[in-house]
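Quick one: structure below, then a few questions.
Chain naming follows the written order as A, B, C and D, and within any one chain the residues start at number 1.
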Amino acid sequence: MNRFSIILGNLGNTCDRFLSSGYKDQPSKETMIRQASQIPGVKGVELVGTWDVTPQNVDEMGGLLAKYGLSCASIIPDHFSQKRWGRGAFTSKDPGIRAQALEETLAAAELARKLRCPLVNLWPGQDGYDYPLQADYRAERRWIVEAVTRAARAFPDIRFSLEYKPKEPRTHCFLARAADTHLVVREVGLPNVGVTIDTGHALVAGENMAESAVLLSDHGAKLFHLHFNDNYRSWDDDMIVGSVHLVEFVELWFWLKELGYQGWYSMDQYPYREDGQGALRASVEFLTSIDEILDDAARAELRAIIGRGDPIESTAWIRGKLFRR
Amino acid sequence: MNRFSIILGNLGNTCDRFLSSGYKDQPSKETMIRQASQIPGVKGVELVGTWDVTPQNVDEMGGLLAKYGLSCASIIPDHFSQKRWGRGAFTSKDPGIRAQALEETLAAAELARKLRCPLVNLWPGQDGYDYPLQADYRAERRWIVEAVTRAARAFPDIRFSLEYKPKEPRTHCFLARAADTHLVVREVGLPNVGVTIDTGHALVAGENMAESAVLLSDHGAKLFHLHFNDNYRSWDDDMIVGSVHLVEFVELWFWLKELGYQGWYSMDQYPYREDGQGALRASVEFLTSIDEILDDAARAELRAIIGRGDPIESTAWIRGKLFRR
Amino acid sequence: MNRFSIILGNLGNTCDRFLSSGYKDQPSKETMIRQASQIPGVKGVELVGTWDVTPQNVDEMGGLLAKYGLSCASIIPDHFSQKRWGRGAFTSKDPGIRAQALEETLAAAELARKLRCPLVNLWPGQDGYDYPLQADYRAERRWIVEAVTRAARAFPDIRFSLEYKPKEPRTHCFLARAADTHLVVREVGLPNVGVTIDTGHALVAGENMAESAVLLSDHGAKLFHLHFNDNYRSWDDDMIVGSVHLVEFVELWFWLKELGYQGWYSMDQYPYREDGQGALRASVEFLTSIDEILDDAARAELRAIIGRGDPIESTAWIRGKLFRR
Amino acid sequence: MNRFSIILGNLGNTCDRFLSSGYKDQPSKETMIRQASQIPGVKGVELVGTWDVTPQNVDEMGGLLAKYGLSCASIIPDHFSQKRWGRGAFTSKDPGIRAQALEETLAAAELARKLRCPLVNLWPGQDGYDYPLQADYRAERRWIVEAVTRAARAFPDIRFSLEYKPKEPRTHCFLARAADTHLVVREVGLPNVGVTIDTGHALVAGENMAESAVLLSDHGAKLFHLHFNDNYRSWDDDMIVGSVHLVEFVELWFWLKELGYQGWYSMDQYPYREDGQGALRASVEFLTSIDEILDDAARAELRAIIGRGDPIESTAWIRGKLFRR
């Protein structure tokens, strides 16, 4: 049974640096939650701190989720949308800001508990650097390990999942790739700390998404969460899943089944100019279509094909599924 | 005599999609103009429509420029920062929006005349597409040609310079590279229409900046304007010039001299987290340093080195200049 | 009626810089020609100078093609596989080499005439540069224009099609992108000079393949020839068509029909480790599958979808075709 | 005291897939060794199995190295240049080939012992995959760990250093990035297993070279070896060091000093069309120039600058060093 979710803000207004007031209008939270609940297959939402959920509105948000039959799949603390984080949150050169970044994490874990949400998704987007000769790579990575360790120790009932991304908003982020994030997780060494794969971030990192999923699972079941979107491989375009790539999503889905992945399949897009609900529904439908193809028989066939490793066979298999030839 | 200028907004607040309220505070226009005038070598500014200059404030802006001894190097009409342009300006599927995009261009040319500015820099950032099967490549490029033709005919005393960029804010922009923009200029076929090279956009396009300058000059003196910044080649990071690359800026500067380029050398950066004035000054100083190296004797040496085409010689030449060995 | 062809050498041994003796054994020419003829849909082959066809063996090759019922779709003169071209063919700093490059072109046109082949495909892979401060961009592009002009004037009955590629074997090639190659074609200004799109080269150039096809057709029917292969967008991996991308090949095929493209659909792959015939057949079958989808009704639907430009619609259309949902 | 070395084959003939017989002529081994010894600063060479050193010629090679006063800095076993490795060495689906890959490694360690060389550099270039749905990521990574473990246990006196590279000759290599290679090293868990950074491979991986060096050192002194070359960030162009980038090499050198790196600084280039000795000398001179800049005082300044993290300061510092302004 797949559990699809979406990041709530995907249904809202979206902006970029040239059109900072956004391409659309901002709907109410209830409108967005209702829209999420209307997408067939969607059972949960992810909430971003500051943008979606705060200590002030958490009860109201909990009520709305209940009203529309949705779970809270994760809380994403806000370590990126405020001026104070501009030069880093966990890795700010200012120890006061670093302390605040930890507080924000703990507060998010509290919100998660209140919403019976089992996972805090950490995306420390401002933790990185822009220029050569700017970062103290040694100290700053250590600060990330220390903060995550403290949060995870304080909330052993909550899973903390580190989302990597090679760049943006910094030209280089510290949690950049699956393997370096895995190294941080290993250093932390706690069972409730793992990794989120955002499929678009993996593509930008030059990774094969399925290989990254295996890497994280095979080194100790550390694939905690998944964000889905598509792009052209050079930037986090946050597009409809399957709008550019197809075969690699089939491969990813196959391996997630092989690995026994139990978490959410969460959509994370930026439909700047599209109807948000329509764009998210399109992604869920694409993945559902792939899921239908990958029944037990098909997976057995793929296992054998991978065992032989011949791309003539695998491309024929895909063609047979899609074109019935 | 080099004429440096800056894009005024580089001194202001800068935002991105995650921190839409911006990394800094917004100074007053006079503060920014004064700061620009304080950078040694800077003699002009470029003004962006909506952001910097409008029919309402144009006289005031003219007064401020005069007060601080600056020329207006270009007007950049706003074809990107308003919701109405979200799905294209010159290439909107809505003919009403296309008409407005032309009007905005004509209005910018009027502002240019008022400020005795000889150049309108057109950066139609929203004119492109995000997904496969979205754009009518045939019709939409034609609309650009038609609009530019009408503007250039209406203002024969103003130079219209098309700034290309491969992507952002769309995943694909129509004016994407030097050569395809040159094709548009050829179709327009008017003497007052040319091309702006933004060095960062050229790097993202996979171009060698100097080769692009030659391409535009050699096919009819169509290099009208230059924007300077640096990046890591995969995205328009808008960094301090020379912070990543060096040799290719030496080469570009050499060829600009060979080509007899007479336009402005304009800084176009996004110092998200840095002091704006300091970041712009750093770029001007870097380029001034290169200019000092490239005296007549040095250029004669480079001409000979290029004639032989041996990278061992050229790298030795650079080492000699920089390291005195 | 589609006409598929293959580059004959795709069926032979393939090497790279680490395994220069090649990943396979080299079959005889007759074996390769027979294998080509056995691929359903394939009606022609392209022959590479030196590798496949020379003045010495041209009659024999013509006999073999006749025996197996294949046309010669193009001759590709060898401007890349001999030491003498190492520092450029048409753009060598040595005028003697430049003269030889023209001679090689003329000789290829003679071979084409003998084989009743209407097209010479020029891929001047060594014409470019590796380092900054190495090329005389002005002179070297002019040399290309001059050589192509002389060849095209000497053989007005032969079409000369310039194949662009951004890099490899040089870090920068002069004929790098669709638009800059189009500029060369315009300067030559002869009806029998046009452009070849290699789909993989277009992807590496950051181009949308369909947009490039429109660009070349819309500016005067200059799309002369097509090479098909797939890759991961950063390098010319020369993979089975459709093994990575799908939607963009659907879009390209749609636009080729819109544009009334009449040339060959030629496979150009490097199946380093795969059975050559199987890899080429896989590509032809993939494109045939797309062709079957794109009947008159489907193209009318796509025309309307593109007219509206909504990616939610276009992705739904693709999903409907592939997954029957 | 820096110890420069070169990979011997850099002085020989160089080929690519289009010019498989190579751009130059192949000099004798003694010529290459003599040329290496003539480059000021070079004290060692790396020898590639099959190409440079075999059980048959090892004594002769030892004699030549002694004659010219050079050490053997590393042995690079040949896991890439023979047909048998074409579909993988350590990760071939054929267990017989996997056994041979281990044997080749053990044989290289024997050669290293004979030459009193302390390090075997493992670059399993063929161990990867080209297509989606081709590799069994789980099993194949495990095979690498097992083979490396067995070799390292068999030769506890030899250091085995794994060289990562994201792609080429496969579209995806298993040892792709610093961090994933570090994960392999951790799984092996032996003191004599570490990582080689090839600066060009790191650039292609999207890594900051200095950050990768810190990552490997900070997680347990696992930076064993360094290969130097430069490129344009998208492909392993193997160019003269400093021909494209400068600041990031300054930063890398600074951090190598901070980390107390004690290994060789080895040049690894492919001077396809250049004089090999000249191209290698150019790189050594470039790095020596950087080394001269980075004296104790300069490093103290950089430490302070990095502590503040302001790119305006760091770019001014670089400008001051290079341009004396």
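Keep in mind that, in the parts below, contacts are C-beta pairs under 8 Å (C-beta built on N, C-alpha and C of every residue); 3 or more make two chains touch, one makes a residue touch a chain.
If you're wondering where the values come from, they're calculated on a predicted model, not measured in any experiment.
Considering every other chain in turn, the ones in contact with both chain A and chain D prove to be B, C. Of the two chain pairs examined here, B-C and A-B, it is B-C that is joined by more C-beta pairs in contact. With centres set at the average Cα position, the gap from chain B to chain D is 40 Å. Look at where the CA atoms of chain A average out and do the same for chain B: the two points lie 36 Å apart.
Listed for chain D are residues 87, 130-132, 167, 206, 232, 234, 239-240, 243-244, 247-248, 310-311, 315, 318, each touching two or more other chains.
Contacts from chain B toward chain D in the complex involve residues 206, 232-234, 239-240, 242-248, 274-275, 278-279, 282, 285-286, 288-289, 292-293, 310-312, 315-316, 318-319, 322-323, 325.
Within the complex formed with chain B, the residues of chain A that make contact are 14-24, 80-83, 85-87, 125, 130-132, 167-169, 171, 231-232, 234-235, 237, 239-240, 243-244, 270, 272-273.
Those residues of chain D whose C-beta lies close enough to touch chain A in the complex are 87, 93, 129-138, 141, 166-167, 172, 176-180, 182-183, 186-187, 205-206, 208, 210-211, 214-215, 218-219, 247-248, 250-251, 254-255, 302, 305-311, 314-315, 317-318.
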